[in-house]
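Quick one: the structure is below, questions incoming.
Note that the chains are named A, B, C and D in the order they appear, and that numbering of residues resets to 1 at the start of each chain.
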């Protein structure tokens, strides 16, 4: 499996009370992302509120997604766990149900040393045979993985095959490129950096934006891929206000609010997260018209 | 209950494999903290690896501690949960077993708004009748609660009765004092700020240091309380190297390493956290001699 | 000369157009600071707009101040220069007119290495025989001098005799104390940290506050010095709103505005700095009543 | 005048003692930059140690440069002054000797408010009729000018015609583009961001790199301009190690060291800045071979 392009992140829909997962709505969301030309589907990421689900819920969403996508595109299952043993368990489960890869972010309470981070991924790699995408996002997970460590893990841990970089710092991508002589595939996870990351050599863009912008993110990827920088600029600046909006609060709130405006009621995010407020809905409505 | 003085944090000991809690060792640790003159015991805090335990383990530690302390001093049970519903469940459990108070830190994946933080504490307060200590520690929990919000919750949420401030920023304590006209009891949770926090009016010091320094933290508190600033300075600078050491990595690692040097084998912290390395043990040994 | 206590900072008054220095008003300000019980006077500091004056103006203010103070208290002349040669020239001049000490901050455009900072002070020390107070204030000068370097310069450069620490980070003071075994006299330059710095062992407090608060800063110093922590807390919290106000914008603007309310027209700060706005004056008026 | 492309920054060479400007060497440097295809020459920038020169030296360098360049390309003279009146004087002088534009950075001691920054540029604009490039570089000047204020000044102050953005934050450039609908010409001043800034729509790249890399920066600009993204990536990653090196310390030190390796002795930077150390020279030598 060689991933490139748009890796799309579905939300996890809840029924009104927030207690049950609404699988029919999840199905609609997944179909819409596939229709938007997504090159892979990544359930249970930050957008999917992975960290807020019980073990059973997480398993149910993973299994449902793999089954529904049915190999039309690869499925990359997200894991965000504080303990190594829980992360290991989820990785094994993901492989067992037929996931194509796992995307793993080490959530922290106490900050982790480089050795602790390395061991965390090593132990996960030891128990599975599908690829691992290392996900670096200190703003959510609380752990910052340096480019040097990312490249080291790529070369030294068997199943570490790619990186999702979400710090928003383009210099990190430069470093990944240089330290691996362009060998380590890195994906951009910072929405407002999409144009520049692709220009700097990113393999693709991990994003929840297709939930609201359909094929526009894919269009940006393709215009850069074919070297049409002028078109890429135009496409990027068109969607930038929406990209900025969805990352200004938290992604689940913004995407769920946008889906509702599009006729899909996915409930709100799980408490303590709150759903969107009226002023956000109004702004979102205006952004969706423009897009 | 009006807390002042030293609130001491036990570790959670594991058997060698890291899988089981070692209750006899926990008992020894608790007795030692009581013998050190602690004014309260706070199991399942940051030092106690609260966030790394399963629900069942957490319950077992809470229950064991309340029973063993047996009202000799108050027990303040720590809760660090990402979802409101889990925090609510733990708070109810803590009250049910006879805890004197709960100390609650809202762990985040997505950052929380002020309203989300307020609602989180409000929902917990709604289901219990024991006091809540709001614990602010953005470095571990990922949420930063402003002094303004802390004071607002103190006045508006029934069971919010005190604050543990661990940012290490003394200006936050000034603000708490001013905004509440000195009414809101605040505790210092930043070990290397102990002297100044007490001088600025903190009600006490939440610390794991008594695990290794026995009565020295209490001596600092008492020297400030009786206005002997000269003695307080001397006592503080004596223990400062040790305080700096235990917060330089993570508290569970440092405290467990120190306990081992004192003859108590509490195992290592839970993975991905690693136990202390030989060079740390050597440094720790020298610090314990001095103290 | 062994300095302790309150080192007071006069403003540099300008005539209305901002082009000429108003020496009679400077004289009034200096007398007022001496009357407030200041233990030393430090013209041409941050408050004195040292960096905004021409060489000739700077010399005139220094000479006028030394003459008017006339050895009633020591005079510590401020130097904030980007080039070593200019700093050297000013240090020589200060000694030539009878200044008791110089306080030197290395203003930067390009950040300085530790060796560059060391050499800067060494060259100044080489040409004078009066004490140098090293002034660390990265927020204004753009250079951050670590505690380790401060202590090294204290021991290795002849005339470096004391430090003014203005980062507002109490841990820096702890380090100065520890690294020099309490030998290096350090002064606090962060107004809102005054209580804690003195409790942590600072030799004194460098402040412009006596311009508006008269003897209150001295009262704080003395209450800590005699070990009356309760009084110190009361005095500190009384003046804290004013201290916070004067550092919220820039000191020259705030102090000049306050002096005007007290009947002393010292003009505005030099452009591009602007004088206070009406809403600031109103707030200041209310703070002065309380003080 | 409509600037695009590479705006090249010469150093200011000093004779060995650092006291005199070496004009013949300056002449050689300027010729080399013109030969490298630079689209404009910008003396007295950060690289030119503008802030370290006396008024007379600054004037002499400006006049010499304008005369020697002799309209072959535009000359953009750098001004970095702490007081408005000094900046005004220099701007008038620059126009009087025939400079094509001025690039102005407001050096700070006390931080400036938006209104103070606006007035600073307004007063400069009032006395000249040549274009002003607003230079934002908080790391050196200590003032951070927001995209909102940059766009406001572009529309409201007559001679503000373009911006040099050196924060290294690509999001600032996005904002400049959006807030002005692409009307405000912005130049990139962060060397390691060159590829992405041009891809995001920058008019050009302000850089000292041509001193050591000759036509390579121009080649990058041109490959982006003609839409050859693949070539641009290759060219950028080739020069990135050198770009990173020259910004790792300070530009004058790095460029002067590199020129020496190329046979041009421009002396060291002015004290307190130190010249390069042997290990830096060795690294530089290896980077120049590769380039």
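One rule holds for everything that comes next: contacts are C-beta pairs under 8 Å (C-beta built on N, C-alpha and C of every residue); 3 or more make two chains touch, one makes a residue touch a chain.
If you're wondering where the values come from, they're calculated on a predicted model, not measured in any experiment.
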Which chains are shared contacts of chain A and chain C? B, D
Is the number of contacting C-beta pairs greater for A-D or for C-D? C-D
Could the interface between the copies chain A and chain B be described as same, meaning over half of its residue numbers are common to both, or is it different? same
Approximately how many whole Å separate the CA-defined centres of chain B and chain D? 52
Could you give the separation in Å between the centres of chain C and chain D, each centre being the mean of its C-alpha atoms? 35
Between the Cα centroids of chain A and chain D the separation in whole angstrom comes to 39
Two or more other chains in contact with one residue: find those residues in chain B. none
Within their complex, state which residues of chain D touch chain A. 168, 170-171, 174, 177-178, 192-193, 195-196, 199-201, 224, 227-230, 232-233, 237, 240-241
Going by the contact rule set out above, which residues of chain A touch chain B in the complex? 46, 51-52, 80, 82-85, 106-107, 109-113, 115-117, 119-120, 123, 139-142, 249-252, 269-274
